[in-house]
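Note that chain A is present in both complexes that follow, paired respectively with chain B and with chain C.
And then the complex of A and B:
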């Protein structure tokens, strides 16, 4: 079922100035409830602009953004209600922490949404579980933590708001493999358990292979493909023309078609299983 | 064999801790890096990689042990100026490294501060922009460039100071694949054409796979040190300390867990290259046809 959709969306920066730039050009895209959709494309392809349109931080120059069947710009003064349903996490969110303790920081969002103390405590506890934040860490100052830990606190703060849709702009950028797994694995566990809708922006096709159910590929402000992740990975020409790289494993196994290996393999584990089937 | 250019002996560094507890960011690290080599440094967040980078050009001084840069000890204050001229650094975020509103002025900033003659600065700026393939952008404003282009300007700014070595501290982390490719291509040119020593700190295993040597740090200590082939054949060790291996190495390691594949003896540790892996898989699958 569709929960959030964009219809014929265009977005123009700096209209009628020398800096005029079309960031999105007639994009129509539907996000399905309970799925993780990866939004991929080169720098400047329009990914972050699209993210800001999803919860009304920016207003499209043309086209409509629909949430649960309603145009989000129909009643602009009620945008707060939209933002309570669509959460947005910018890049490097750890720089936005400010409270005395990790617990207070995670509770800030739900508290502002009018949740009771007791509800806040429960929301904080669940969000901390998903992101691997211990009781001991909840009592510490966020400023004593490592970069990776601070990032987890920032993500936990958004999970605690329990929005129907969560948009994450490069949530794992700059982290090591363990840090990436902590963040993206935590988000996926939360999404699966609560049947949430997640929009994930990343340059890492390896992360997309692991976490995204479907992919939307943007190139030069236009949507060039939207399909299941494994289907997109069967089209290396689409990925490469959008300035991205297929995972190494997909590039190799796509060249083994003559040996009966299917195209669109996304992980080494899947490749091993397919190769061993042929060896039997 | 080239002469050692960077030498650390029993190098340790502890960050000041309010609780009085001693935490070693680096512990008893002895390394010798040859002039003109390309060394990748791997390790998870907090393993000591960036601390090592800062110790190499004297931003930090050792708590114990020594760092020698081209024969100069980083501890005495009077050596710092020469050390910083010898080793340039390129950091993660290009936006934090550019200071001027015009590209060529930004590149000139370093040599101007070294007190170089204007004519010589002009020559160096042109040369540095050419080396990173950005000569056509000299009159542009940095904010109109892509992330990869900005990072290349940051590299040109370092090159204009004519260092012998550049340390790249996760300099591709914020770039898209195209930008990363631009930077890796530039790094190869600097190494091959200008003979620069390159230290590349990265989380991307594929970037490390093309270095001459890979050093792996964990909890401030040296865990592995060898050619990419040698290091990436230690799949289990790398996994244990929370690192990835290139997907080719992972695939071959997993395949070798199968008795029939193991018995075939086709897969031996440390194969990296995509074409090499493909040829090996074709051989394996061809035998099964």
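And then the complex of A and C:
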């Protein structure tokens, strides 16, 4: 397992140009091993930039990104080793597909990592299982698939790399509820089974309530809170000041505080159980 | 990263160069390019440098940004200077290094060539892309070429293609950057290996880029048709270009500068090489 940390990270876009913009300002954060950490914040708060810093696609202007206590920029020529440990799925990843078949596309990452043919096949099969890709689909061209199916293929391509840490930048953006559930449920099943560390970026607080164990809230390039999801949801003022809304179920149950319902409930199942407890 | 390249980018501002009519800037840029090739002597090159420096000051764009924009031409400028250094022959050798003889004229030729390339890039980008928005530029081009409509040249369609192409350059650069990052995240290696291996490594970037470019083009064409686009006929303008006295003064200044640069050649020892 790997521990990924950010220490006093700042990132400046377009330095010394009229487009200069501070995307991250002195952010320090450690991602807890074997947990799903949700990264939330309004558009332009620095979430996607932070994701790019986590596997060395961008170099911080100041501060250090450490993996297992070592600065990932200590040996820039060995960055591929870092990327073999920290996987990253971009927004709309379906646009990165290029191989003739889905199977070959999913195997692109494992092949780059030097895995044998047998290992590649096994990794592809496991990743396809987690993302609900059938045997028949594996033989098809990625360009024949629907948008949701292509998204699943792209995510499977990164899951197949079996990295210790997986960063997902809005993996379910633009999908219908069933598509969201399929993708995020598959990622959670993979994370739970393999005890991986996952960083999940999303605007959907409903998704965060359902899948994230802890939340890091970014506002105007700064980290304003990092705590367990239920703890963050007990502070609606932090969420609202970051330009976000609490999940509907949390808003309802927070208003039932006077009737003895605890604050920070994140899922409808939890709400039902607490309300039933009070009714009995 | 590709997005670090500033050459061809527009920097909004309110300097004198920014406020000039785009048509005038286009003509001035052409005059400036001709003027650069009319320099053959130390004095005319010094005047050209002064003119370029004046343009930098007038544009109010940071020198750092302008120097950053020179990055893509560093190789070609250095290469040309070196070729000139060894190629140009004079009368008295400066020094001999084995089979290579360097003449003072060679050194001068190398320096002049360097000044010529740097001035050409700085001057034309300052007058055109850095201080003129792509839309204003293509609009100006359409107006300047409008007489060609008389001989059935599709000037509007040509200008619209230019506008769209320029509009999508930053989008495609960002997209390319994104795809490169995505493939790097999947372990792709673009930095090592021989030329063939490196070319092969670009396939995972080029295929998604072409697919996305065609998708965008198709979507844009449909969106334009949905908004009743049917070519230039009967289409009105939202912003009309207006020439002011300062525009005419600038044009006269550039024409004067070009003539002046040419006559400066006669006042000092000219290196009539090119």
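Heads up, the rule we're going with is that the second predicted complex is superposed on the first by the 278 of 280 C-alpha atoms of A that agree within 3 Å, B and C clash if a C-alpha of one lies under 4 Å from a C-alpha of the other, contacts with A are read in each partner's own complex, and residues count from 1 in each chain.
By definition in this document, a residue touches a chain if its C-beta (ideal position, glycine included) is under 8 Å from a C-beta of that chain, and two chains touch if they have at least 3 such contacts.
Remember, predicted model here, so these are calculated numbers, not experimental data.
K.L.:
Could you check whether chain B and chain C clash or fit when both are placed on chain A?
P.N.:
fit
K.L.:
Which chain makes contact with more of the residues of chain A, chain B or else chain C?
P.N.:
After superposition, B is the partner touching more of chain A.
K.L.:
Classify the contacts of A:143 with the two partner chains as first (chain B alone), second (chain C alone), both, or neither.
P.N.:
second
K.L.:
Check the residue A:251 against both partner chains and state whether it touches chain B (first), chain C (second), both, or neither.
P.N.:
A:251: touches chain B, not chain C.
K.L.:
Going by the contact rule set out at the top, does A:276 touch chain B (first), chain C (second), both, or neither?
P.N.:
After superposition on chain A, A:276 lies in contact with chain B alone.
K.L.:
Does chain B (first) or chain C (second) touch A:177, or do both, or does neither?
P.N.:
first
K.L.:
Check whether A:259 is in contact with chain B, with chain C, with both or with neither, and answer first, second, both or neither.
P.N.:
first
K.L.:
So in the superposed three-chain picture, is A:44 touching just chain B, just chain C, both, or none of them (first/second/both/neither)?
P.N.:
A:44: touches chain B, not chain C.
K.L.:
Once you lay one complex on the other using chain A, what is the shortest C-alpha distance from chain B to chain C, in Å?
P.N.:
Across the overlay, chain B reaches chain C at a minimum of 5 Å between C-alpha atoms.
K.L.:
Which chain A residues contact chain B in one complex and chain C in the other?
P.N.:
After superposing on chain A, no chain A residue contacts both chain B and chain C.
K.L.:
Inside the complex, what are the residues of chain C that reach chain A?
P.N.:
The touching residues are 6, 11-13, 62, 64-65, 68, 175, 178-179, 181-189, 203-204, 207-208, 211-212.
K.L.:
Taking the complex as given, what residues does chain B use to touch chain A?
P.N.:
Going by the criterion above, the answer is residues 43-46, 92, 146-148, 170, 173-179, 203, 206, 242-244, 246-248, 250-251, 254-255, 258, 260-261, 274, 277-278, 281-282, 284-286, 288-289.
K.L.:
In the complex, go through chain A and note every residue touching chain C.
P.N.:
Contacts found on chain A: 16-18, 52, 55, 57, 80, 83-84, 87-90, 93, 95-98, 108-109, 112-113, 143, 157-158, 161.
K.L.:
Which bits of chain A are touching chain B when the two form their complex?
P.N.:
42-44, 146-148, 173-179, 203, 206, 243-245, 247-249, 251-252, 255-256, 259, 261, 268-269, 271-272, 275-276, 278-279
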